[in-house]
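Report on the structure given below.
Letters A, B, C and D mark the chains as written, and numbering starts fresh at 1 in each.
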Amino acid sequence: MEINLLWGVFGIFVLLPLAGSILSYLGKKFAIYIGIIFALIPTIMLYPFYAQNISELINIGVNINLVFDTTTWFFMLMIDTVAFASFLFAISCVKKKPEGFASLMLLSLAGANGVLMSRDFLSLYIFWEMMSWSAYLLILRSSGEYARRYLLFGILSAYFIIMGIGIFYYYTGSFLFSDSAGIPLMGWFWILFFLVVGFAVKMAVVPLHVWAPYAYSSEPSFVSFFSGGLSKLGTFGILMGMYGIAGLSILQGFGTFRDVSLFGYPFALLGAFTAFIGTILAIFQDDLRKLLAYSSIGQLGYVMVGLGLGTPLAVSGALFHAFNHAFFKSLLFLGAGAVIYRTGKYKISEMGGLGYRMPFTFLFVLFAIFALAGIPITSGFISKWMLYEAAIEKKFVIIAPLMLIASVGAFLYSFRILYGVFLGQLDKPYENIKEAPLPMLVAMGILMLPLLIFSIFPGWILEWIDDIMKSTGVGTIDYNTYSYYSSIGGANMLVLWIAFMLVFIVAMLIFLMKKARKVDQYDNYLAGESPPYVQLHAAHNFYKPLRDTWAPLLKYSIDRAYEKLSRFFVEGFEEIKKIYTENPQDYAAYLGIAFLLFLFIGWWLL
Amino acid sequence: MIAVHPVLLIAIPLFFAFLLPLIGLFSKKVLKYVVTGTIALNTIIALLVFREALNSPIFDILGGFKPPLGIVLMVGPLGGFIALIINMAGLIISIYGMEMKKEPLVKYYMLSLLLLMGANGMVLTGDLFNLFVFLEVTSIASYGLAAYNKDLKGFEGALKYVILGSIGSTFVLIGIALIYSQLRTLNMLDIATRLNEMDPYVKIVAFTSLFLGFGVEAEMFPLNTWVPETYDGAPHSVSAMFASMSAKAGIFALARVIFTIFAFTNYLWFVVIMGVLTVFFGEIIAYAQRDIKRMLAYSSIGQMGMILMGLGIGTTMAVEGAFFQMFSHAMAKALLFIAAGYMIYATQTEKMSEMKGIGRNPLIGIPLLIGILSILGMPPFIGFYGKFYILMGGFSEGYYAIIALFLAASLVEVAYYARFIKIAFEGGGKRYPSPKATVYIPLLLFAVIIVIFGVYPKPIFEILSHVTTFLTGGV
Amino acid sequence: MIPYYYLASVALIVIGIYIVIAKKNLIKIIIGLDMMDTGVNLLLISIGYVKGGTAPIENGNYTLYVDPIPQALVLTAIVIGVSVMALALSIVIGLYKNTGSLELDEIRRERK
Amino acid sequence: MKRILGGVIAVLIFIVLALAFVHIPFGNIDLAEYHYYNPVDNEHTQDSVPQHYLDEGKKETGSTNIVTAVVVDYRGFDTLGEVTVLFLASTGVGSIMYIFEKEKRRKVRRANAVVETASKLLFGFIILFGAYIFVHGHLTPGGGFPGGAVIASSFLLLYLAYPRFHAEHKNLNIAESLAGLTFVGVGILGLFLAGYFLYNFLPFGLPTYLFSAGVIPVIYVAVGVKVGSELTGIVDAMMGVRE
C-alpha cells in the first residue's frame, strides 16, 4: 500500500511533468497550454498531500530513498506555484518556439520536484543535473551569450556536490542520507563544505554569483521560475546538508562561537556579505532585469545567513524568507516582464510614468516591493524581522549591521524601480501603452495573494516550518497564528497590521483633506505655460552622488576577476596545446620516453 | 555444445569482404546494402553470442585443437557486450556510410568491414598472438581508411598513425616474444596461470611492452598524439568508426592485458594517473581547438582517459563505470562525429565559429544536444552512469586529488561544448541544406539508444555485474 | 652463453627507433620502422633456437628440432610487416604527390 | 637536439631490453619443460606446447612440415588474419593510390633486349617454381607465402622489363577474392562438418605424400594464389591504379 502511495506521489510530481514535457514538445502551438495543465496538476495535488509522510527505500542496484514529507511539500509549494504562474504568464509572452519553452520548463520542474523528493545522493544528483541542464537550455534560448556562464557554474556546483557525495560514499559506502553513522569529524567537514558550497552556487552566494545577473536576464517568464523557484533548491540542499544529514550536534562539534557552530558562522558571514554586495550592486543597475537579479542575490544572502546561523529562529526565518522570496521575486520578475513586454525596453532610465497606463501591474509590483523592502503589510516584513532578531539575539556585530544596511539599500533600489518605471513623467512613446494582457495579470495576482495572506497569518506558514524544524532537529520557536516570540521580542503581525492600517488611513485622510488640485503631468513644472514636449523624467544617473561615494570600491569587480582568471587559463591551454607538436618524430620520442617511464615505474612497483 | 559460434562474428565480415570485389564487378549500387546487411547479420549474431555468454563464458575452439595448442576464442559476458557495442555502432555508422561518394567505393566498404572484423577479433580472441594479428588487422584497415580522403590532411594523419601504430605493435611483439620465451605458450589464460614461472624483470618488460602497444590504440596520454590529426583527416564516418570501434577494442585489449593476463594490481594506481593525465590533456587541448573534428578527437581522448581511469581504480564499481563509459562513449561520440560530418558538409568549413545556427533544424539539433549532454555526463543520458560510477569508485578508493583534477578537466570539457552549443543554436545563421535520411536516421538511432538506456540502465548494470569475475582474472 | 643474437636484434630495434626519432626523410623513417620489424623477427626466431636442433620437418633423420612456433609467428609477423610497409610507402607517395617533398620539415612548412 | 634525444632514448631502451634478454637462455632450452595449462578443461598437464607439436604434429595434422602444421592447422586462424592483413594492404594501397588514376605514367626507357627476352623466358618457370613451393608446403620448407611471393616476383620481373606492362586489375581482384573465399569457405565448412572453425576435415592420407595433410594443401594453394595476386596488386597499385 505504502509503496503504491509513494509511486503515486512520484508519478504526480515527477513523472507527470516529464510526460508533459514530451507531450508539450509534440503539442507545438498548444505547447504552453499543455504546459499549464501539467504544471497545474502537481500544484493542485499538493493540497491533498499536505502533512503526509511517505518514505520508501527502493533498490535499483543501490538503495535510494524517496520521501514525501513536509519539507518536500513546503518547497514544492513554492516551486510548483511559481512554475504555474510562470506558465500562465508565458501564454502571452512566449511566441517563439513555445514547444521548446514548455517542454524544458516542465523538465526542469520535474527535476526540481525530484530533487525535493530524494533523500539519497544518487537520485538527488540525477534530478539536480536534469534541472541544471534544462535550465541551461532555457537560458540558451534567449540569452545565448551568457548561458555558458550559467552552465559552467551549474556544473561547478554539481562537481562540488559530487565531491561531497564521494567523500560521504567513501565513509559509508551508501548514498542514503540516513546512513551517516560513523563519519569522522574531518570527513564531515569536507562533506559539508563541498555540499554547502555546491548548493550555494545555485543560491548565487558571493563570490559564486557571477552567473546570476546574466542568467536572470533571459525570458521573464522563465526567469521568474528560475529565480523564484529553482534557486530555492539551493536552500533546500543546504538545509538538508547541514541539518538533515549532519545535524546540529555534528555542526556544534566543530566548535561554537556564541552557540553558533564554527562551521556555519563563516557561511552566515558570507551570506551577510552577499546580501550587502548584492544590494549595493543592485542600486547602481540601470537594466531592470539586472537590478532584480542583483536584488535576488542579495535576498538569498539573507537566507544564507539564516541557514548559517542555525538557531531555531534563524532557520525558521531563512525558510520563511525563502518562501517569501519565491513569491515576491517571481512577481517582480513577472512585473518587469510585463513592462518589458509592453515597452520593449530594458533600461529603467528609458521608462517612466507607466503606473498610469498599467495600474494593475503597478499595484502588484508595489506589493512585491513592499515585501522585498520588508514593509509590514506584506509577509516580507516578518521573515526579515526574524532574521534580524536571530543575528541580534546572538550579538553578531558584523552580520546584523550588514543586513540592516542591505535592507536600507533594498529600499533604495525598490524606490528606483517604483519611480523610474511606474511613477514620474509618462514618456511620449508610451502614451498608447495598454495594461498587460489578462494571463499576465492573473499570474501576478496569484503570486501576490500569499504575500498578503501570510502577512496577517504568519502562524500558518510557521506551522509548516515548525514541522520541518522538528524533522531536522534544529529546535522550534514559539508562535501562534498572528505572531511569533523570541528571546528578544518577536512580532505580532495583527497588531502591526492594524497599526499600519491606522497610520495609512490617517495619512489618506490628511491627503484627501488637503484638496489637492489635479494638474496635468506636463503642467507641473512649467507654471501653466504650454511648452513643447520635453523629457523631464529624472531617471538617468539615478543615484549619482551615492555612486560617486562608492566609486573607489566599485572599481573592484568579481566579474572582471573571473574574466582575468579565465583568460589566464585559456592562454595556459594554448601553451599546453603545444605539446602536440604535429611532428611524428616528437611523437615517436614521446613513445620511447613513455616506454622507459612505464618500465621504471613498473620496476619500482615490482 | 555452443549454439552460436563467436567465430562467425569474424568469419562473416571476412567472407563478405572477400566477396565484395566480385559483387562490385556486377553492380556498385548494391554494395552499400550488402555491407549494411552483413553488419546487421553480424549484430544479430553478436546479440546471440552475447546472450549465450551471459550464462557461461564461451570457449570457441578453432581448428579442433584444445588450447593452448590451438587458438581459442574466449567470450565472457563483457567481451560479448563490447562485441555487441562494436557491431551495433558499426551497423548504425554503416547507414551513414552509404553517404560516401568518394571512389573507390569497393575498397572503402571492404576496409570498413575488415575494420569491424579486426575490432571483433581483438575483443573475442583468447590468444595473445592472435590478439596481435587482429590488432594489426584493425590498425592496417585504419591506416587505409585514415588516408582515404587522399588529401594532405588525410595523409599526414595517416602517416602519424602508421609511425606510432607500428612502433606500438613492434613493442607488442617484443612483449609476446618475451612471454613466449619464458612460458612457451600464447594462450592468455595459460599465461595468466603460469605467470609466476617468469623472471620478474622479464615480466615487467613484457607487461610494459604490451601496455604501451595497446595504449597506442587505446589513446593513452603520451601515446595518443596520432589521434587528433588522424580523426581530423579521415572521412567523417571513419572518424566515428575509430572512436566507437577500434578505440573500444584497443581499450578492452588493454584491460585484458592488465586484468586477465598480468593481474598486476600494484600497477593500477599508475594507470589511474595515466588516465587522469589523458583526461587532463585531452580536455584542455580540446578547449584550444577551433575545428570541430579536432575538438571531438581531443574530447574522445578525454573520454578514453576516463575509461582508463575507471579501469585503473580497479574496484568493481569503477570498472563497471568504465565499461558503461565504453558503451556510452561509443554511442555518443559516433553520433557527434556523424553530426560533425553533416555540419562540415552543410557549412563547407570545419571552423566551429562559422557554424552559426546549424543545430536549429531539430533533426540535427536534438540528437546533437542529446549526444553532447551524454558526453558531459548529464542524467538521464547514458554518459552519466559511467562517469558517476567511475567517480564513486575512485572516491571509495580515496583518490580525492585525482578526482578533483579530473573534475576540473571535466569543467573545461563543459566549457568548450557549451561554446559549441551556443554557436550551433544561435540565430541568424544561413539556411543550410536539410539532412538526408542517411544522416538523420543514424543520428536518431544513436539518440534513441542514449535516451533509452539512460532512462532505464538496469539491463546494462545486470550485464556489468559480471565485472567481478573479470577483475579476478576470469574471462 | 652470451646471447649475441638477442643483442643484435635489440640493436636493430633501437637503431630503428633512433632513425624514426632523428632522421627527417620519410623514406628513412620507413626504413627505420622496417628495421624495427626485422629486429623483432630476428628476436622471435632466436628465441625458438634449440642448440643442435634442426628445422622441424620430420623425415626420420633427426630427433632434435627447434621450436616450430616462433617460425610460424615470424611468418605471420613478416607478412604483417610487409603490409604495414606497403601502406606506409603508399602514404608517403601520397604525401610526395601532394607536397613534392619527402622531407618532414618541408612537408610541415608546406601545410602552414 | 633531436639526434641526441633519439640517441639517449635508443641507448636506454637498448639497455633495458638487453637486461631483459640476459635472463632468457639462448639455445640451452628443453622444450619439454614447459608444462601448459588447459583453460577449457581447467587442467594442468605434463605436456609442453612446442614438444606436443613436434611429437604429435604429424599424427594430428598429417603434415610432415611441422611449421606448416602450426601455421595452417594449429594456428590456422592467425594465418587467416595474416591473409586478411595482406588483403587489407593491397586494398588500402589500391584505395590510397586511386586518385592518381588519370595521371600519365612517367616516360621510362625501355629495358634492353636481353632483359626483355630473359624475363619472358623466366616468367613461366618462376611461376612454376612458386606453384611448386606452395603445393608442397606441407612437405618441404616454404608454403603459401613464399610461393605467392615468388609468383609476385615473376610479375615484378615483367614490370621491370616492360615499362608499359600492367596486370589486369580486375583479374587480380577476382583471383584474390576467390582465393580468400576458398580459405574462409574451408573454415566455415569445417565449422559445419565438425563444429570447429578451420577444422581439418579431409582425410590425412599418407605422410610425405603430395596428397596428404587434409585441407592444408588446399589452404596453401589458396594462400599462394592470394599472396601472389595481392603482392602483384600492390606493386601495380604503387605505379598508379587504373580500373
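Please note the rule applied: a contact is a pair of C-beta atoms (placed from the backbone, for glycine too) under 8 Å apart; a residue touches a chain by one contact, two chains touch by 3 or more.
In this text, all values refer to a predicted model and were calculated from it rather than measured experimentally.
*Asks:* Please list the single chain whose C-alpha centre lies closest to the global protein C-alpha centre.
*Replies:* Central chain is B.
*Asks:* Decide which interface, B-C or C-D, involves more C-beta pairs in contact, and give its chain pair.
*Replies:* C-D
*Asks:* Between subunit C and subunit D, tell me the centre distance in angstrom, where each centre is the average of that chain's C-alpha atoms.
*Replies:* 16
*Asks:* Quick one: report the Å distance separating subunit B from subunit D, using the average Cα coordinate of each chain.
*Replies:* Distance between chain centres: 29 Å.
*Asks:* Report the inter-chain centroid distance for subunit A and subunit D in whole angstrom, where each centroid is the mean of the CA atoms.
*Replies:* That pair's centroid distance is 72 Å.
*Asks:* Would you mind listing the residues of subunit D that make contact with two or more other chains?
*Replies:* Within subunit D, the residues that touch at least two other chains are 2, 5-6, 9-10, 13, 16-17, 24, 31, 49-50, 53, 75, 78, 81-82, 85, 88-89, 92-93, 96, 99.
*Asks:* Using the touch rule from the top of the page, what residues of subunit B touch 2 or more other chains?
*Replies:* 129, 133, 136, 140, 143-144, 147, 150, 156, 159, 163, 167, 174, 181, 184, 186, 201, 205 - these are the residues of subunit B that touch more than one other chain.
*Asks:* By the touch rule stated above, which residues of subunit A touch at least two different other chains?
*Replies:* 582, 584-585, 588-589, 592-593, 595, 599
*Asks:* Hey, which residues of subunit D end up touching subunit A in the complex?
*Replies:* 2, 5-6, 9-10, 12-13, 16
*Asks:* Can you check the complex and tell me which residues of subunit C touch subunit A?
*Replies:* Per the touch definition, subunit C meets subunit A at residues 17, 20-22, 24, 29, 104, 108.
*Asks:* Using the touch definition up top, name the residues of subunit B that touch subunit C in the complex.
*Replies:* 129, 133, 136, 140, 143-144, 147, 150-152, 155-156, 158-159, 162-163, 165-167, 169-170, 173-174, 176-177, 180-181, 184, 186
*Asks:* What residues on subunit D touch subunit C, complex-wise?
*Replies:* Against subunit C, the touching part of subunit D is residues 2-3, 5-7, 9-11, 13-14, 17-18, 21-22, 24-29, 31, 49-50, 53-54, 57-58, 64-67, 69-71, 75, 78-79, 81-82, 85-86, 88-90, 92-93, 96-97, 99-100, 139-141, 143, 145, 207-208, 227, 234, 237-238.
*Asks:* Which residues of subunit D touch subunit B in the complex?
*Replies:* Those residues of subunit D that touch subunit B are 16-17, 19-20, 23-24, 31, 34, 36-41, 44, 48-50, 52-53, 60, 73-78, 80-82, 84-85, 87-89, 91-96, 98-99, 170, 173-174, 176-178, 180-181, 184-185, 187-188, 190-191, 194-200, 241, 243.
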